[in-house]
Every structure is written in structure tokens, then in C-alpha cells.
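Next, two complexes with chain A in common: one pairs it with chain B, the other with chain C.
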Partner chain A sequence: MKVAWVLIFLFGGLLANAQYMEVSVDGMVTFDGVDFIINEAGEDYSPSVESESSVYVSIDFQSFWDALFNPNRKWKIEVAKEDLTWNNHVKLEIKRTEDGYGDWSNNKRKTRIKGGDNYQVVDRVSRDFFSGKGSAYFVPLQLKLSGISVTQGAQDFETNVILTIYDD
Partner chain B sequence: MKHKGAFLVIIMLFSLTRFSLGIGENTEHKASVVIPDVALLSLQHDGNSNIELMGTSSSVAGSKIEMGGEATADIWLNYSSVCHKNQKRKVTATVVGEVPEGVIIKVKADNSVGTGKGELGKTNGTVVLSSNPSDVISGIGSCYTGSGVHNGHLLSYQLEIDEDMFYQASENKLASVHVVYTLTDDN
Partner chain C sequence: MTVFVALGFAVAAQAQWNSGNINVRFSVPEIAIVDIEPELGYIEFSVNAPDIAGGEPVVEHVSNESVWINYTSAIRRNGNRRSINAQISEGTIPDGISFYVEASFASAFGSINQGNPVGRVQITNQPHPIITGIGSCFTGDGVGKGHELKYFLEISDFSQMKSIEDQVFTVLYTITDN
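Right after this comes the complex of A and B.
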């Protein structure tokens, strides 16, 4: 009987702690000739270029039971980048432009997220981006490039922006 | 004893599960940057860009006609060039219109001044203009000259006479020509 109680205690705790959120991203960002504009011959590019909000991040419970037993689970997202080929003169920044939706089905419930609404540098070191509670869907992200100059020449480079979710 | 073993296994599994909850789950998206080739050129000036070069008649019988010498009209050549590594560009000038027989038009671009940066072009000195493109500036890489007057290359023009041709064929008349500048690949 003692053993049974211990097992109930352990698995009860496991169930309560098994909140495992998952993060997913839709879309990608490409900065190209449309973004790099020279207004007049003799000039350099604009000091910075912003992407359209064509990347959306969603945070969801991994299982129905997680959502049912702890809908207010706290989490935080960290951001970093892993360069494939990158120009080290160029700075990449990220922010979220809106809050997204708290409800997948009817998009009526507000999300409970905070932070991340100002540009912050994305580099190889993972840094806090934003945090929240429960699920959040279609949170739009925007990227900004600065430090690009005509003098660097024609070139292509790319990086992977990595978003990692942790229990907060 | 049997129960104890099972109990330990359960505790180990429980610990492992709890431990794994502390590991973050990640996702990623790609951010790509494509900087294309660019070649932009303009002429900048204060006021009128026309240049008038006039011959002056001699006051002494028997002496030759002098042409206008050098004329600087405060015309500045600005450009922005984005090209691939080791690729070079040049600026050519071409005369459009009929130059009077025996009259030679020359242009000189000074080296770039002002706020420009990068691999700016070098002047080819004074070059004779014709209906075929003449290289005025060469060795242009990825760079910008700065925009507006007092940025880029200042242009100056000269008129000269090929006396043999001039005295044979020239008339007393006004001739108007255009000089067209092109920023092009230097292959």
C-alpha cells in the first residue's frame, strides 16, 4: 500500500511537471534587390533594411493533457543565429511586431506574452527574446539588417535564426 | 527485494523525465541576403549643364584662330557601383551630334573627391571624344562617389583645332553636340 502511494505521488508529480511546450516557425526572410535601394547615383544603401513580417512563430503544448492540466505554463524563447555564410560587417536584429493569437481555432483569445517588441541583436550567443504563458499562435517576427554598404560588393550570404523554448 | 528494484527503476525513469524537461526545444528559419549588381551614374551641376566653347578671331592679320581653351562647367560625375570581387567597371564618353571638321573635343575627369568610399575609379587623363566610346574613368570596383556637386569626378572640356582639316573644311557656324556618359563593365 505504501508503495502504491509513493507511485501515485511520483506519477502525479510527473504529470504536473510534464508541461513541454513546442515552438514552430512558418516562413523565411530574404533580403534582395527590392530591399537594397540606392535613391540616387553616388549614394550608399540606406543604413538599415527591415524585412516584411513574413515569419510567424507559434508556441503550443505538445499534448492535449499538458494544455488541460497546466494551461498557464510559463515559457521563454531565446534567439541565436548559426551562420551558413555571413558578412561580419552586417548586424542582424529581430523583434516581434504583434502579439499573435492565443487560440488556434477562432483567433479571439489574446496571447499572454511580453518582451521582444524592440529590436535586439541576433548573434551566435543565445539570448532571451520574449516570454509568456500558455499557447501563442502566429506571432509575427521582423528582421532588420544594418551595416550593408555598396563598398562590400555583390554577394549572397545566409544564416539560420534559431528559436529555442525553455520552461520559465 | 523485488519491489525495491522496481522502485529504483521507477525513480530513475522519473528523474530522467524531469531532467529532460529542462532541455529547450528549438526551431529555426533561414534569413538570406542577396546583394545584387548595381551600376548607377548621373551628372550633377548647379544650374545649366551646357558648355559653350567659342573660337576667338585674331586681331592680327595672319595669326591663327584660337579656340576656347579649357572650360570647366562645374559638372560632376557621380556613380554607385556594386559588382563582384575582381570585377571592374569604367565610364565611357561618346559624342552624339556632328562635330565640325577639324575641331577636336577633349574631356578630362579629375580624380574623385568628396564623401565617396570604396574602390573608386581613376581618371584616364585628357581623352579625345568621338562617336565611339572613349574611356574616361577606369578601375571602378564596388564604391560610391557621394551625390551632388563637389562629389565624384569634376569634368572639364577642351577644344582644339586640327589646322589642316579646319582651314580646309570649316564654316562659321554653330555646332551643338551632346556628350553621353556610360558606366559599363570593363572586360
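Right after this comes the complex of A and C.
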């Protein structure tokens, strides 16, 4: 009997561990080049620049069986960034602009997500972004840059925004 | 002991699942633009006969507007600082006349790394720096921002002067890498 309980614990633990959801990103972030042009001599850049919203995040079950037996699995997304070439005076913010779709096939089912619809700063520390239940597809994201000035000189910027999904 | 291992699996199931990655990449270009404010079109001097016989001709600055030069500059790290050069690009200065420009120190408006005025500089058809040491900066746009420009016309050699009709010449300002 004792051995049976141990096996149940072990099996249950392995099964729970196997059931996870995954986050994927489609598209790319573009900042319109016009925003980095000075029109009048003496001016600085605009205080902030928004990306065109052409990057989407999807949250999906790893397997069909997970979706079937646990469709209301709760999750949360955290956001952080890893700088490759950056300037600490430049602030990067992120938000989701819409809810996306809850159903991959016909885009009719609503997602069950909350939070993340106001800009929040992305930095090296991982912070809560938004959370939800079940699957969510093509949730559009928008990024905003601020603090860019000609006084920082001509330079290249590159960072990776990391979206990490956690069991909630 | 085995029970602890099983609980460990259960705890692991509450942790991170996986990550997605958004690459954000953009470039801020080099910039060098300069402008004169206000857009007067011209400044005007007149050289008049002396009031008394044997006296020197009198030079009068007819147009009295305040003229300012604005600029924006973005250079790469370790790139050369820039200068603003002035030269006569069209027309000629009449014989016996010398023409000068003097830039003021930068106004309080604008950013750090604005340039330094050279002082009073004679303008010819060759470029002469009037402001040097310009880094990555902006002066602000409009009158009262950047450097005020003062113009001076002097009779340098009276013996070469001739009576002429209106003489027009153009001063061209160029921001360049040193």
C-alpha cells in the first residue's frame, strides 16, 4: 500500500510537470524611420516613438490532451529584456493593444486574459505583464521608446524582450 | 525520502514553462543640419558719402534684425566634432570693402555639447569656421536659440572703392566634420 501511494505521487508529479503551456511570438517590431529624422535645425527627436503593432504573442497548450482535460489552465506572462546594445537613458515600454483570439480555427471565441493594456516599463527585472486562462492567439503587442536624444549621438540599439509564461 | 521527491515534482509544475523572444533593433542616424532664423532673405548695409569734405565714408547697417543660427548634430562615438563654416557663395564683395561675421556664445536654451564661437571672422569666397567643437547636440529652433550672428561691413581700402549700384552677395553656412 505504501509503495502504491509513492507511485501515485510520482506519477502525479510527472504528469503535472508534463502539462505546460507555451508562449510564441510572431512578427517583428518596426519603428518607423521617419521618427528618427529631424525636420528643423535646432530640434531634438520626438519625446517618444511607438512601434507599428505587427508583433503578436500566442499562448497555447503543448498537447491536445492538455487542452482537452485542462482547458482553464491559469497562466501569467512576465516581461523582461536582455540588452545587446542599449543606452540606459532610453526607456522601452510595452503593452497589448487587443485581446487576440481564443480559438485558433475560427477566431470567434474570446480570450480570457487581463492586464497588460497600459504601457509598462521593460527592464532587466522580470515583471508581471498579463495573465489569463486557456489558450490565446495573436494578441497584438506595441512597444514605445522614449528618452532618445541627439545628445546621445548616432548609435545602434538592440535588445531582446523576453516573454516568459508561468503557471499561475 | 521518496515522498519528498514526489513533492518536488509537484512544486516544479508551478514554475516557469517557457519563453518567447522579441528582438528590438533600430539605429539613430548621424545628423548635421543648420538653419538661419528668421528667414530674412537679406541684411542690408549702405555706404554713404561723408558729411564733411575730407571725412571718411559712413557705413550704416540698415537692417537691424537679430539673426540666429540653429543647428542639430548627432555624431558617432569617437567621431570628429563639427564646425560651421561661412563663405560667400554668390556675388562678390566690392573692392575696398571687408565683410565680417561674429557668432555669439550659444544661448542657454538647447543641450550640452553646443559649439564655441571663433570670434569675428572675415568672410571671403573660401570657407572659414565661425563655430567649432560641435558635438552631439541641439540648439533649439527659432530666434533667440543657438548663436546670434552679428555682421560687420568695413572700408578696408578706400583707394579701391568705386561708386557702384546695389551689390548683392550671399553667405553660405555649412556644418562639416572637422
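One rule holds for everything that comes next: the second predicted complex is superposed on the first by the 145 of 168 C-alpha atoms of A that agree within 3 Å, B and C clash if a C-alpha of one lies under 4 Å from a C-alpha of the other, contacts with A are read in each partner's own complex, and residues count from 1 in each chain.
Heads up, the rule we're going with is that a residue touches a chain if its C-beta (ideal position, glycine included) is under 8 Å from a C-beta of that chain, and two chains touch if they have at least 3 such contacts.
Fair warning: this is a prediction, and the values are worked out from it, not measured in the lab.
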Request  = Using the superposition on chain A, decide if chain B and chain C clash or fit.
outcome  = clash
Ask   = Of the partners chain B and chain C, which touch A:136 in the superposed model: first, second, both, neither?
value = neither
Key: Which superposed partner A:113 touches (first chain B, second chain C, both, neither)   = neither
Ask   = With the two structures laid over each other on chain A, which partner does A:157 touch: chain B (first), chain C (second), both, or neither?
value = both
Remark   = Both partners, chain B and chain C, contact chain A at residues 6, 10, 13-14, 17, 19-25, 28-29, 31, 36, 38, 40-44, 55, 57, 81, 92, 143, 145, 148-167
Inquiry  = Taking the touch rule as given, give the residues of chain A at its contact with chain B in the complex, in rising order.
reply    = 3, 6-7, 10-11, 13-14, 17-25, 27-33, 36, 38, 40-44, 51, 55, 57, 78, 81-82, 87, 90, 92, 143, 145, 148-167
Inquiry  = Residue numbers of chain C touching chain A in their complex, please.
reply    = 2-3, 5-10, 12-31, 33-35, 37, 70-77, 79, 110-113, 135-142, 145-146
Task = Could you please specify the touching residues of chain A with respect to chain C in the complex?
result = 6, 9-10, 12-14, 16-17, 19-25, 28-29, 31, 36, 38, 40-45, 55, 57, 75, 81, 92, 141, 143, 145, 148-167
Message = Which residues of chain B touch chain A once you look at their complex with the stated criterion?
response = 3, 7, 10-11, 14, 17-18, 21-22, 24-38, 40-42, 44, 78-85, 116-119, 141-148, 151-152
